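In what comes next, chain A is part of two complexes: it sits with chain B in the first one and with chain C in the second one.
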Partner chain A sequence: MRSGKWLVVVLAAGLLASACGGGSPGESPGGGGSGGGIRVGLAYDVGGVGDKSFNDAANRGLQQAIDEGIVDEDDTEFIEANASGSDRDDNVIALADEGFDLVVAVGFAFSEGIDKIASDYPDVNFAVVDGFAKEAPNVSNLVFKEEEGSFLVGAAAAMKSEAGTVGFLGGQQGTGLIEKFEAGYTAGVQEVDPNIEVLVEYIGDSTAAFVDPTKGEALSSKMYDDGADIIYHAAGGSGAGLFKAAVEKDGLAIGVDSDQSLTASSEQRKLILTSMLKRVDTAVFEAIQQVAEDSFRKGFQTFGLAEDGVDYAVNKYNDNPQLLSQEIQDELDALKQDIIDGKIKVPTEPAA
Partner chain B sequence: MPLIDLGAAIALGLRYFTILYLTALGGLFSERSGIVNIGLEGLMIVGTIMGAWGTIEYGPVAGLLIGALSGLVFSMVHALATVTFHVDHIVSGVVINLVAVGLARFLSALFFGQATQSDPGIPHLNSIDIPLLDKLPLGLGAAFSNMSPVVPIAFLMAIPTIYVLNRTRFGLRLRSAGENPEAAETLGVRVAPLRYAGVGISGAFAGFAGAFLAIEINQLFREGQTQGLGFIALAALILGNWAPIKVMIGSLLFGIAQAIPLRLSDAPVISLLPEEFIRMIPYVVTIIAIAGFVGRVNPPAAAGRAYEGSAA
Partner chain C sequence: MATAVSGAPKRSRSSRLELIGGQILAFVGAALFAGVIGGIIIVLYGENPLFVYATVLNYATARPEDIAQVAENATPLIFSGLAVAVAFKAGMFNIGVEGQYIIGMLTAAIAALYLDRLPGVLLVPAVVLSAVLGAAAWAAIPAILKVKTGAHEVVTTIMMNGIAISLVAWAILNPLKSTGEQSVDLRTNLFPGKALMPSLAEPLGLPSSVHLTLLFPIALLACALVWFFLYRTRLGYEVRAVGSSSGSAEAGGISIGAAQIKVFLISGVLAGFVGLNHLLGDKGYLGNNYEVGLGFAGIAVAFLGRNHPVGIALSALLIGVLIRGEDGIALSTELPTEVLIILQGVLILSVVVAYELVRRTVARRQLREEAVVEAAAPAEA
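Let's turn to the complex of A and B:
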């Protein structure tokens, strides 16, 4: 059985290598100074710092709080979830045990764990990005009005469309979340021009739909072939397929969550009209500020257009007459004001 | 139905076919040598990450080859476990699939500075048009134009595979190791090295298929992009009864089935079905094909069985 022992060693080495992929606890690289202020811990979700998405956006919120002197860099710490996310609860508990004043959990998947953990640490405040954790005196769910941002990019698509047909590429169907994006987008298109047709395709019914660029490209190509000249995606990583299809079919595309012009390839970004921004950084910054000012808001905090929680992206690549002209931006800003003022109500469910 | 959709659907089906057939052909070598390989998905994953890195560093041809080489190297874990240490083939295959996910994430952070994806638009081969076929009328030409050169290569791989299995000393001995290793060994054939070779070839094919997916189809590495295609390749291998041409037909069937919900959802008849059913088509086709219409499944007789060898 000597050989059996060796196998165990080989497999253990392999599993170690895979565990390393998940990431490990780390302290933010240090600046000096000693603040008497609050201490903030962040529990990142799968992907960790460097994901150019959710986790990085949360990190920007933390950095902003550091830059504005609300929290001292030495008083912050983060832990990244492992590849499968199985240590989410442990990471939150580890941060809570260290006695941080605020623990920010970056991702809806932390919600159920926080339900169980929060009552054990009454002196710690917990904030969950996109969360649905239960009501508790020390828990705040930071949620977004994705439909409002989607409304604006839908309006932009309608103003820009020459074909009279635009498209929507959704990721996972059936949870109601991506349907919010679709509802807002369609309403935005119709606000500008009720005659424009909106083609809708969903990739699938499971979370695998968010990491399938092959299907994302196939469905986008189909919508371009069927006459759409602009397509908006809310399909996570599958959206990479939309941008590839846009290049091949010479159509326009609209990104989601972060400003995707910045991470696209040079030939793709010429075709990215704008992106629907979900300002996770704003939400995280707000939560930190509230704890610092002792005004932490429990329950659900909603970040819409009025709170700078969602927006459309303007950057050095799309701020020109070929893509997002000044006239379009002016009209979008007027619509934005109408939504903030309550003159326009944006639906959260697609019309039947 | 506009016929242009049929052409586009075939083009998409051929992309899926290429992934499935290359992976299944590799699996064929492994299983004909007697080693069941359900780790094809994991070997593909290693091909996606290494292929993406390779094409960024050295160009698409090198990327595809690096993908194949990495698949080969990684498959040696499976060979070591099953051939040398007699670990259950299924258990080892599951381990391959699990470790590959973590390994890809570790390498992605190393190569690209982000755990789950590379930047988009990585270097790829120039696409080709198949002469004559690309001029087919009624939009069908779209099926054969703007195609990755790897697609026809996948079809052509059947030829060396058939030749090696039926006409070479190596191929015949490989098959004997999978059918009756005891008899092979009494005739002086060393079973273990042949099985290592069979698994290694499967790793190279699956790694190449993964690199093709990342480089030629998606033009980026993205965690999860293999979408379980390694398992569908395994189904194509079983449907094709471990024979190269039949496996090709099985892979074509599954490839086209993948394309139907994506490109033909508004075609006649299909459009009458509820959306959920249309999305089920690839899986329903797979299950019916495997469960109902295969006839007699005839796996290599010794596949999945550990061979201790006379020298043990």
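Let's turn to the complex of A and C:
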């Protein structure tokens, strides 16, 4: 009995640790604000700094603002959400309570909380990455023209495809969000060659579709089997399945959000043509700069090609004739300019 | 012999006082020990432990809303600590408080969404009742399995936890999924306002970001009720008898199985309250971002509080201070907030060790005294 009791004690301590875990290693120099500069707080979403994705990208934006002297490092703080994300609102409140000039919430899941919180803190500006928070004088949603970046990677796929068929793997269907990626991608393919067929598969109609690499792999394999030689995914964590299928079927893959060549395994990155970059860092930097210049823009701020908000990835792994040759890059840059100049209008909804 | 009999109650009372005094000393000593260990870790991170502890205390007590937030943090922990403790008193480990409160949130959400024609006066109690029934039903399964088949409750409740989490995930993905068009997040529709737990923040003049509700005084009331149940009712006596020595309890005519099932149901009822402050005082919907780990935290709270209602209330408040302190650590120091979790772990371990040392010391002394009395007895006679 006694040894059993001890086991439970240790268990309890361990469980408590895991229960309260996922806390928030806050990098935050002590002391209040220095000088007259602005103060910026970041509320990271689940995963926190080191997630090689959204949170890290937001952190890069903050670092850029620090490097450029827009905000003093001592005037920045951050809090990370816990594992279930139940403390997102509390973290935003804790930052707002500190009287920051700007609180950046990194992720759409903060939107509804900000709706409730923002009016209590009229002197604090809130920026929500990918947000859909309601209009308020001190709230800005930083959103991206994913269709424009997807257009470029679609064009790249069309230039590279030998089979005459390419694929699109979407995550959650029905919200209109992932459909933007599909619409841009298809338009990009057809801009280069209207005869290329685009196969489209969605994993599901719930957010679970973003964390289902098994189904992602199955649908990707199916599209490779059906003749596609390049597949672009906009499926979050399920995209890992695409990269596995690419290795299996020796097809090419296109990543999304961040430069996925950098985080893929060595055999996968040989097959990653490029990635559609969503420049969360640009958006965060921009929001900080606006507050510093007292020109914070409420409502929705969109970041497209013109604002460096989206792009295609070039890195040391794909910058070669086997993957993204210089000719392809030149043509993509020309298309990019056409979009910026308004010569090409990229659709946001797939053609019916 | 006569002296021994008349001397026994006196001795047991003084030894009980000695035990309680010793336990308080043990707690203080253990807390100091944990503080020193935590201090060493903080120093290794290059920070000043005194400043860090002052920051924690400051964030937890500086303003009325900070104190209210500590009470808010403590509210679910009091319920989960009590739920663990009553089962423990009957010699059972309810590791399933976690799953029970998650199911309680689910049944509460169903009531809040579908009984919305009731007026608020009836709706809130109906939602609470629904949570309690759901959690108790979830607790009944392992209780019956234990009594009827001997399946150990630690194993079955852990399994039930996993099922509960999957069930909620399924429910908010399918039948309860929000019908709102823009919402990408996975959750139910918002509950009607009248289904929410009355807030204490507004009457106390606190900002609405504090989610202190009527559930906090209810939690304190629950402590009193659990104390009354354990120490002043027949079933409570039976429960404690079963827990301290099931053999003698059975010999004394107590049905062990019946007592265990009843107390496990009571544990489930208490577990039903655990998720309610989060659900009805804060979010107002059941989403996939609900708070997890409160049931497991209850195990720690019960241990820290020696399974006594008063101790549980105090240790829940202590953990509430530490949770609030995490904000302070994140905002005012360069420490990872995990330092406070390490501190909690060290505290629990050292408190339990200290209690055990005190218990043994007191028992050994008692034994020695008894030996002295017995040695003296023949001489008297």
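By definition in this document, the second predicted complex is superposed on the first by the 324 of 352 C-alpha atoms of A that agree within 3 Å, B and C clash if a C-alpha of one lies under 4 Å from a C-alpha of the other, contacts with A are read in each partner's own complex, and residues count from 1 in each chain.
To be clear about the criterion, contacts are C-beta pairs under 8 Å (C-beta built on N, C-alpha and C of every residue); 3 or more make two chains touch, one makes a residue touch a chain.
Predicted, not measured: the structure shown is a model, and the values here were computed from it.
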{"item": "Partner chain(s) touched by A:A208 [first = chain B, second = chain C, both, neither]", "value": "both"}
{"item": "Which of chain B and chain C A:I117 touches, first, second, both or neither", "value": "second"}
{"item": "Chain B versus chain C as contact partner of A:G47, first or second or both or neither", "value": "first"}
{"item": "First, second, both or neither for A:A94, with chain B first and chain C second", "value": "second"}
{"item": "Touching partner for A:D225 - first (chain B), second (chain C), both, neither", "value": "first"}
{"item": "First, second, both or neither for A:T263, with chain B first and chain C second", "value": "first"}
{"item": "Which of chain B and chain C A:G85 touches, first, second, both or neither", "value": "second"}
{"item": "First, second, both or neither for A:A351, with chain B first and chain C second", "value": "neither"}
{"item": "First, second, both or neither for A:L177, with chain B first and chain C second", "value": "second"}
{"item": "Overlap of the chain B and chain C footprints on chain A, listed as residue numbers", "value": "10-11, 14-15, 17-21, 23, 83, 208"}
{"item": "Residues of chain C defined as touching chain A within the complex", "value": "51, 93, 173, 177, 182-186, 207-209, 278, 282, 288-294, 296-297, 299-300, 303, 323, 326-327, 329-338, 340-342, 344-345, 348-349, 352"}
{"item": "Complex contacts: residues of chain B adjacent to chain A", "value": "4-5, 8, 12, 15-16, 77, 80-81, 84-85, 87, 95, 98-99, 101-106, 108-109, 113-117, 119-121, 146, 213, 217-220, 222-225, 227-228, 259, 262-263, 276, 279"}
{"item": "Contact footprint of chain B on chain A as seen in their complex", "value": "3-4, 6-7, 10-11, 14-15, 17-23, 46-48, 50-52, 83, 204-205, 208, 211-215, 217-219, 221-222, 225, 237, 240-241, 243-244, 248, 263-268"}
{"item": "Contact set on chain A toward chain C in their complex", "value": "8-21, 23-30, 77-79, 83-91, 93-95, 97-98, 108-109, 112, 116-117, 120, 132, 172, 175, 177, 206-208"}
